[in-house]
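Both complexes shown next keep chain A, but they swap its partner, so chain B is in the first and chain C is in the second.
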Partner chain A sequence: MNEATTSAAAPVARLIDEFHKLPGIGPKSAQRLTYHLLRIPPEDALALAQAIIELKERTVLCSVCQNVTEDDPCAICRDDSRDRSMICVIEEPLDILAVERTRAFHGLYHVLHGVISPMDGIGPDDLKVNELLARLRGGAVHEVIMATNPNLEGEATSMYISRLLTPLGVRVTRLARGLPMGSDLEYADDVTLSRALENRQDV
Partner chain B sequence: MYLRRLELAHFRNYEQQELPLAPGRVLFLGENAQGKTNLLEAAFLLASGRSDRSAGDADFIAWSQRDAALPFARVAGTVASDGMATATSAALPPDASGREDAAPPAAARGVERTVELTVVGRASARGELVASKRFKLNGVARRASEVIGAITAVLFTTDDMDLVKGSPAGRRRYLDVMLSQIDRAYLRALQRYTKVISQRNALLRRVQEGDARAGELTYWDEQLADAGARLFSRRAEAVVQLAAAAEGAYARLSFGVEPGAAGAAADAACSVRDERFLLTYLPRFADAWPAERIAATAAEAIAAALLTRLTDTRARDVAAGVTLVGPHRDDLAMTLGGEPAATFASRGQQRTAALALRLAEARLIFERSGERPLLLLDDVLSELDASRRAHVLASLDADQVLITSADGDRFDAAFVAGAQVWRVAGGTAARA
Partner chain C sequence: MSPLRIPRRRSCYDPRMPERPRVYKSPALVLRQRKLGDADKILTLYTASEGKIDVVAKGVRKTKSRLAGHVEPLTQATFLLAKGKSLDIVTQVETIESFQGVRDDLDRLSRGLYCAELLDRFTEPHEPSFPLYRLLLDTLRRVARGSDVDTPVRFYEMALLHALGYRPELDVCVACRRALEPLTNYWSAAAGGAVCRQCRMGADAARSLSVNGLKLLRLLLHGRFDDVARVSIAPPLADELERAMREYVRWVLERDVRSAGFIDTVRQRRPARARAPQAPT
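The block that comes next holds the complex of A and B.
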């Protein structure tokens, strides 16, 4: 508890502390949000509180893809029009939204809920890896696309999973790394540029 | 190259400071703790992205900013070069096989380059200020690895004797700071290697405690071998060049002659032979892989051998909970007349050896990049006697030398007359 909260009324101080625990919220923002909530109509504040309660009470992880959902299985896993032979493996539920926005992928997803990072005490057993293996046992899946982030931990995770899947006879691919569309070659950073060269294609 | 302009905002004890600088000798004179060293530190940060003076980046932010909504410090520097020495064109992308070449930052080879570093602070959950660095090169936001080396610099400090008699970590830092400025692929491998070592060591401890399987090490072993081999290979290559430059610099500083000189300088040359300064690379790999073999082997083959070694010694690493081989445990050996310089040399010889190492660093940067680095001399001249000081000044081959000193009057008149002189007091520098 810092100086700003010790002099405030106890409920105010408590909410400031709760906000401060959230990612990206510093002490100043925590105070601003708290005093903002003090000023809004009670029904708006209750609506926010209710939304938070429902978030915890009315969501579960989809038993198929591990995405956060209200109904199990989730809407994507229930959708018969989706291609069940392809699974796109991602780190976090938010990544589904990113891929869905492209409208370029019509298969199913699998959410790992993290990446391998020994420094943070996270190993393969802490991720939804066994759930992925279980999904492949039926033999209906022909391709798994690894869409983890292109950093050390994302690649460690992708590599670990690829090695588990390859003996199962599933095709394992990963996202190509290249230049963002609409970007200027001159301003591309050279890691991206050299990756794009590695992943070059015939025209 | 020379620093044409240096600007500081909220950096350490400077609020707003602009310094238009001249090529040649620039003297910053003033009492201690007034901010002379901060100016050299700022220039060195722009070149290397590093400072050895602070525990965290938040230290760069002036106290006046601590309660600001967005506390920050900013340093910007513009270097100019005469263009004559621009030997290598680095604007080429890595070749199609994906191999990054050893060229300095792309598109950074104009006549003028401006590097800007902003250190942005924010309060952590525990209420203390934590900071992160953001770089711009010629006005465009870039990652650190693309900006480091756009300005090159060598920093001489009174702690440099630690290079000779201190721990191996200081000697590895010496190699890293130098090579990072002239070899972007080295810097990138170093950044990756550092992360891999942290992750692998954490995993070794988890395996030791039964929280992870040894098989999980495979990916980290491969990454370590790949990045580690690049570091081994480039260090081995550089130290050969560096050793030759350091030996010559030591002889010049001590005796005013080149090793192997004859005729009139024969007596001096004799002393040079008795006091030869030799620098050798000691890679922490395996007995079968001394520096010469590493230097003569392709990085891919070194990586394959390192991977085998990591696999063979895995049980030992697990037991120790740390990675026992690899460039993070490298060292440099230094001898004077065949004896270890750390234990047998006098203080004066050690000081000369340290200066020789810095001069060799400047030489290597010049040979590799085609441009003379900025030389930053932080208080090092005041501790030398008149004759060594003269030798040092005669040995400096640079377009610009920035020198701090607490005692300007001890410089002879001719030296001061040829220099641009600044007086530094209370976080302000003014032309004298």
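The block that comes next holds the complex of A and C.
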């Protein structure tokens, strides 16, 4: 407990400390949030507490795609209208929302829950890679789309998984790299620009 | 004609502040990144002029960032940095060399990351050393192009240790100081180099060091890279060298090098590709 919290009442100090542990919350924000909660109606505060409890108690990882879900298997994995021959591999659950927003993909997902990061000591065994391999054993999947982020770690993860899957006879593809909408050629890096040239398309 | 004298402008804020440039420019190698807040990253750079420094790259996790593509680990780029309160801030950056060969191949990438991690672990911030900058640069080029990806790494480890004052003893036995005979000797990271057969009797946990192993370690230490690259190193010998150097590096650093594990993982996966049966279609 730091100096600022010792003079506050114990329950107040405790909540300030808890908020302070959250990412992006400094000591001042923690105090402000705590005193805000003191002032709001009790039912609003309890609703927040209940939401946190349910978040932890009522969510599980989908046994198929490893996404965070309330029911196992998750809604996407249960949906019969989706193409079961394609799996889109992503880093974090939030990336599903990004891909779904495009309405351009109708297959299934697989969440790795991280990315290979050799310098931080995160290897393939710390990710949901074996679960992905298990899904492919059925032989129903024809294509795996690697949709990890286009940075060094994402590329490493995608190359590693591709090395594992290619012997299984599954087609492994990677999201194309190119120039983002609304960007400026002048500021494009060499890697992106050379990939954009390689994969150019007829207008 | 007398030169035109322009009076030096006095700082109008605080005359006691030492005058230093608010922005400076340096080529640098990006060693690693870590996330900061929502959209920013902290980069660990090895700059040619300032040595190792941490800097903030703002907004690089947004798709439209102008910096993002230039600040990936294992990139050599010219950075324009602005002095910040604690960390300096990247204002402009342009790639000089992106080592595409390293990025596109898992084996090369694992070696490249290992080399970057070693420089990060072995150096302290703000201790510039152009030779070390040059060494990593040359090594990344060798790893990107060569057919053998491990020899450049061995050469790099030895050169790095030598430059930082941790040169292992390879001419005489570290215990009895007698010249090493051309027989199987022993290697002790803790003792700081090779140990002869007699001295090994009393000591513990020293691994054996073959005659060729010792010769190659000497070549790594005294030779130029081209000399080492000309030697064809059989896999068992390459293994022996790797184990000896890793053990030594680990002893000096007093910790594991995390990327070393990734090299092993990648290597294990390699023969699997050839052996794995085709899945039924």
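We adopt the following convention: the second predicted complex is superposed on the first by the 185 of 203 C-alpha atoms of A that agree within 3 Å, B and C clash if a C-alpha of one lies under 4 Å from a C-alpha of the other, contacts with A are read in each partner's own complex, and residues count from 1 in each chain.
The rule is short, and it goes like this: contacts are C-beta pairs under 8 Å (C-beta built on N, C-alpha and C of every residue); 3 or more make two chains touch, one makes a residue touch a chain.
Because the structure is predicted, anything quoted here is derived from the model rather than measured.
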A:P124 touches, of chain B and chain C: first, second, both or neither? both
Which of chain B and chain C A:L168 touches, first, second, both or neither: second
Contacts of A:G139 with chain B and chain C, given as first, second, both or neither: second
Contacts of A:K21 with chain B and chain C, given as first, second, both or neither: first
Partner chain in contact with A:Y187 - chain B first, chain C second, else both or neither: both
A:Y160 touches, of chain B and chain C: first, second, both or neither? both
Contacts of A:L37 with chain B and chain C, given as first, second, both or neither: neither
First (chain B), second (chain C), both or neither touched by A:L152: both
Shared chain A surface residues [contacts with chain B and with chain C]: 116, 118-119, 121, 123-124, 152, 155-156, 159-160, 163, 187, 189-191, 194
Chain C-facing residues of chain A, complex: 24, 116, 118-121, 123-124, 139, 151-152, 155-156, 159-160, 163-164, 166-170, 180, 182-184, 187-192, 194
Residues of chain B that touch chain A when the two form their complex: 69, 93-94, 96, 98, 100, 106-107, 122-123, 125, 127, 140, 142-143, 145-146, 184, 188, 192, 195-196, 198-200, 202-203, 206, 211-212, 216, 218-220, 223
Footprint of chain A on chain C - complex, ascending: 32, 37-38, 63-64, 66, 68-70, 72-74, 95, 98, 100, 103, 105-106, 109-110, 113-114, 116-117, 120, 258-259, 261-262, 265-266, 269, 272-273, 276-281
Touching residues on chain A, where the partner in the complex is chain B: 2, 20-21, 26-28, 116-119, 121, 123-124, 152-153, 155-156, 159-160, 163, 186-187, 189-191, 193-194, 197-198, 200
